[in-house]
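You will see two complexes here that share chain A, one where it goes with chain B and one where it goes with chain C.
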Partner chain A sequence: MNGQRLVSWRNPWFVASVGGTFAVLVFSAFVGFVWLPSAQDDELFKGLLNAICSAAGVPRSWLANASPPVPPSSPVSNVALTPTMLSKPSDASTGRGATLALRCTMCHGARGVSAANTPNLAGQYAPSVYKELRDFQNGARVSAIMAPMVVGLSDQDMRDLAAYYAFLPRLSVKTSHGNAEAPDVVATGAPMRNIAPCASCHGGLTDKVGAPWLNGQPLTYLTSQLNAFATGKRRNDISEQMRNVARQMTPNEIDEAAKYYAAQ
Partner chain B sequence: MSSSSAYDPHESAKVAARIEQRWALVVVGIVAVLVAMVIFTGLHWAMMPPSRVETIDPTTLHVSGEFVESNLGSTVEQDGSVTVRLVAQQYSFTPQCIVVPAKTPIIFRATSADVVHGMLITDTNINSMLEPGYISTFKTRFDKPGNHLMPCHEFCGLGHEAMWANVKVVDQDTFFKMAAKTRRLSCVNP
Partner chain C sequence: MLTHKRLILAHFWLAFAVFGLAILLGEWQMYIRSPLHAWLRNPDLYYRSVTAHGTVMGYVFPTLIAMGFGYAITELALKQSLIGVKWAWAGFWLIVVGSITAVIPVAMGLSSVLYTFYPPMIGNAFYYIGVVLVVVGSWIWVALMGINMNAWKRANPGRAVPLAMFANVAGSYLWAWTAVGAALELLFQILPAALGWTTTINAGLSRVLFSWTLHAIVYFWLMPAYIAFYTIVPRAIGGRLYSDTMARIAFAMFLVFAMPIGIHHLFADPEVGSGFKFVHSVFTAMVSAPTLLTVFTICASVEIAARLRGGKGAFGWLKALPWDNPQMLALAFSFVMLGFGGAGGLINMSYQLDATIHNTQWITGHFHLIFAGAIVIMYFAIAYDLWPHLTGRAMNDLRLMRTQLWLWFIGMIVLTFPWHYAGILGMPRRMAYYDYSNPGIASQASTVILSVIGGAILVISAMLFITILVRNHRAPRVTPAPFSFSQAVHEPESVPVALNGFGLWVGLMIALTVTNYGYPIAQIITQQHAQVPAIYIGAKR
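Let's turn to the complex of A and B:
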């Protein structure tokens, strides 16, 4: 090299390469922000500014003239579940829950465990208890027994109850079959029939917020709820999450899963 | 750099300059081909770019708005097109079985209630990510009746392999007869 400056407008290589790169940039921007968006037939891509904003990802409403949503024919769950909800209840909340829970003892037992074929609530995840209470209250989950019990409960009351039951120690039934290997539907599901493993939401593999802890629940309760989901009689699962699974299960799989969880 | 060749007495410098010039042309050519490919696929093939960004609160999909349970499935719009709304969640699509007419403009509206999912309709070029907080909108058209599998193609958790739906494409007559009976269609057996 003869000492001529590299970055200089008198260097034809510099001019050509920088100029060329800049021209490609301008042309590509035109392609991406103007040409390709304009080729779409959406109203929101028409016009220069619209095309640029839409291509750049400005959030807008892309289906403005749609027919209005069809309202549900029966109440649906209106609980917004979030992963951190009810995760750190105060002692006062748990204490209030304990007092409120006195009205529940007749069926759910003094410490959240009972032999009455009602769900054992001791150690149940707080979001699950809270969600079911809310669903009983607005009619999304139908029960002639629970409906009158939840009538007067405020939102805070239900949070307190959830905190209290989550705080109680879990029941360990571990019967002689309790150590049995999990049936296929629990451990691996049936991917060919759209069934994810029970354990991928209900604990064992992973948990999903809102999905209850099933171990040690009464056999009749588990069976009846699975059947109710399968037939669509129970419909408070959010966006058919549980119905989609139960609908595909065979009566034998329902039986196996219920027996397995009841024996844990 | 090689502009120095004019002053360089050595033959090798001229060779180097020629080679550099050719390489520059090849690279420019590659860039031009890539841009041309983007233009061609954007105009003739691709469904997704440019994006249609729209946001939504993923925790309240089921409470209000267009993704409430009773509003999911296929809808006939006034202009004769069909809108299909669906929700992806761990570990299923709702509705589990989607029914659409052949030879009709179709708009898919889909979103996720929890984590990142994906939808891919086999034997078509429909392939989209479904992200919590965003609505994926895209337009398509099925040429002939048939059944398509629609798996989730974005690993979404331990039940991912069980997450799929069916897409049933039926002829227009059958579809519009079904649509006359109900406002939101799906082929899920209750």
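Let's turn to the complex of A and C:
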């Protein structure tokens, strides 16, 4: 041991370990980057350089030559929501929203609550209000009443309105739906039918951005919207999430869920 | 000679205390998602529990065992008092503070992100800060192990570092380097998002960095068990270690091959190229070399013990083994579980076969069989062996110890074999409940009930284990014979310079990390569109 140099080509341990490791590396790199990719039929693997780049994960334009995406037959939502958007509105924004909201009071109530079977907006998550306003404006969500109301709103107007309604106190302060009274579809969903629990997005267990707070919404409104999603009449939900859920729900489940949330 | 018994006992006791609590969570999880319990009305409770169970069992428990055992080895093998005792206590208290800091937000439901973090999910910042403190505490131990070994080498020029210490330092260096991946992920990606400094995160990069840690951490958990295989069991059963050199080679190979293989956890991830996945698959296969080397060496050492006790014949010597010795029993059980777990592991690391079991209950079954089975049963054996030397009291409950080990073995088989099977049937892991009334998955129900029974047996075994340790503290005082590690058939007078230090092996480990991780990391960092919005967990709006 004494006097022996570790890093030396005369040290057999050094030669064997470094050489062996290098050999394994070269072998596996050859198989992984050259041999296996070259066995692919895909055009992007043809040729040595292409094979190596594809196997290394260099971003490629896989669909460069494919036909362009089919345009949708009706307007789709183009709102990009992020969890932190509208989370800290300025006082000025909320105040401006209050003024703008005067035109909404006839249906949605003076303080965001009304008995007109329209959604109660008091305490609604700001991104949800903002998204629906945008969708009404571009036609992704169809409503003969709302469309003329939003036609002249700027993007900032809609942000201000969202901030104002989020600022108003909620009708119901109940926050947990993991209890015995909640119907199964609210608390547990139905995993084999791909129905997530309502409460896992709409508050109560957890909430997801874009999903509205449902407590205390009118029964008629909740039922009509679930049915509209189920039949595909309403289609401004992100990635068809609500349509996929509502289609799988039985009429009884729709009834139970709507009644439960309306009673909160 | 152990001069810092309190330090070592503190590590072991804290480890076993948190283990005793976390195992209850594990069994509760198994129970509530079995057909024996109605669906949980709040699935988040399940994810809180999984996060706490994983964080404790994956980060806190094995780290404390490795540290406590490492301090013991330093004093027992080098026969010198531990250098840096105050630092060692500082590391211990960092782990205590870190664990408490991490577990509070988890219990409050603010960080149900599971111990693998899963960005873009982002939990409460204190959870991650707690985990970082645990890792920093363990890095103090890494530094102390290196310092102590080098001090001994300076005082004993030309002599071979005792095998136990060589292996112990190998484990600490492996941990130091493998923890870097998750540390980078936590410090530069997750914490900035958790603290609100950024609102997006490169989730693909996070997953690659975490894979850097995720697989090699298993070998860090494994190191104390392997040290026990080589340096405790042969002595405890009255045999000799078959080859000291082979042992050193095995530990050196673990150091080299444990690291550049983690991308086999990302076979289904689109952001890593298939070429790198294949390379990692090949290097994962290389880990079988030190594993099989160990199985061979230890079987040979056990045979030596049997023949010294008069065993005869090609297999007849097996009967001559001291089966009433808990160390013998633990080793045998550990090897059986390592064998089955290793066979399953070959499927996980195969690029194509993995697709059949990826993210199913098979995976959970696999790592419980390897870690909670083959490895933790050796943690028990280590405690049984060291305890009389730590407490100065007799370890008389041999029967109880054997019962405890048997129960752990049986419980682990009953827990994990059906778990593997459920995975083959396609049952996904990490779900709070399953609709067993659906004919499509009704056949999986009975496997989960079996696993609940296995888990219950494990809980009984764990309680028995803690009882045995507590009873020892009240046993009559004795003066145990001086502690010794296994002697090799040919004790090394001097070993090649490569096997007396870590320059070569750490160099190869880092070089392979660069070749196997360098490009995937560099490539994903440059992808601006890979930034996705952080999803805040448990946020009240």
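For the reader, a short list of remarks on this structure follows.
Quick note on the criterion: the second predicted complex is superposed on the first by the 243 of 264 C-alpha atoms of A that agree within 3 Å, B and C clash if a C-alpha of one lies under 4 Å from a C-alpha of the other, contacts with A are read in each partner's own complex, and residues count from 1 in each chain.
Rule of thumb we're sticking to: a residue touches a chain if its C-beta (ideal position, glycine included) is under 8 Å from a C-beta of that chain, and two chains touch if they have at least 3 such contacts.
Values in this document were obtained by computation on a predicted structure and should not be read as measured data.
When the two structures are aligned on the shared chain, A:A115 is found in touch with neither chain B nor chain C. When both complexes are overlaid on chain A, the residue A:A187 reaches chain C alone and has no touch with chain B.
When both complexes are overlaid on chain A, the residue A:A29 reaches chain C alone and has no touch with chain B. Of the two partner chains placed around the shared chain by superposition, chain B is the only one that A:A66 touches, whereas chain C remains out of contact. Within the superposed three-chain arrangement, the count of touched residues of chain A is higher for B, of the candidates chain B and chain C. In the superposed model, A:I145 lies in contact with neither chain B nor chain C. Residue contacts after overlaying the shared chain place A:T84 against chain C, while chain B stays out of touching range. In the superposition on chain A, contact is made by A:I52 with chain C only, not with chain B. By the document's definition of touching, both partners, chain B and chain C, reach A:L205. In the superposition on chain A, contact is made by A:N244 with chain B only, not with chain C.
In the superposition on the C-alpha atoms of chain A, the part of chain A touched by chain B in one complex and by chain C in the other spans residues 1-2, 4, 6, 11, 13, 17, 24, 27-28, 31-32, 36-37, 54-55, 57-59, 82, 190-191, 197, 200, 205-206.
The part of chain B that touches chain A in the complex is made up of residues 1-4, 7, 24, 28, 31, 35, 38-39, 42-43, 49-55, 59-63, 65-72, 75, 77-78, 83, 87, 89-92, 94-96, 107, 109, 113-114, 135, 137, 157-159, 161-165, 183-184, 188-190. Contact residues on chain C toward chain A in their complex (touch as defined above): 39-45, 157-158, 160, 199-200, 252, 256, 271-279, 281-283, 286, 431, 433-435, 438, 440-441, 494-501, 503-505, 508, 511-512, 515, 519-520, 523, 527, 533-539, 541. Looking at the complex, you find that chain A touches chain C at residues 1-2, 4-7, 11, 13-14, 17-18, 21, 24-25, 27-29, 31-33, 36-37, 52, 54-59, 82-84, 87, 125, 176, 178-180, 182, 184, 187-188, 190-192, 197, 200, 205-207.
Within the complex formed with chain B, the residues of chain A that make contact are 1-2, 4, 6, 11-13, 17, 20, 24, 27-28, 31-32, 35-37, 39-40, 42, 44-45, 51, 54-55, 57-63, 65-67, 69-73, 76-78, 80-82, 189-191, 194-197, 199-201, 205-206, 208, 231-232, 238-241, 244-245, 247.
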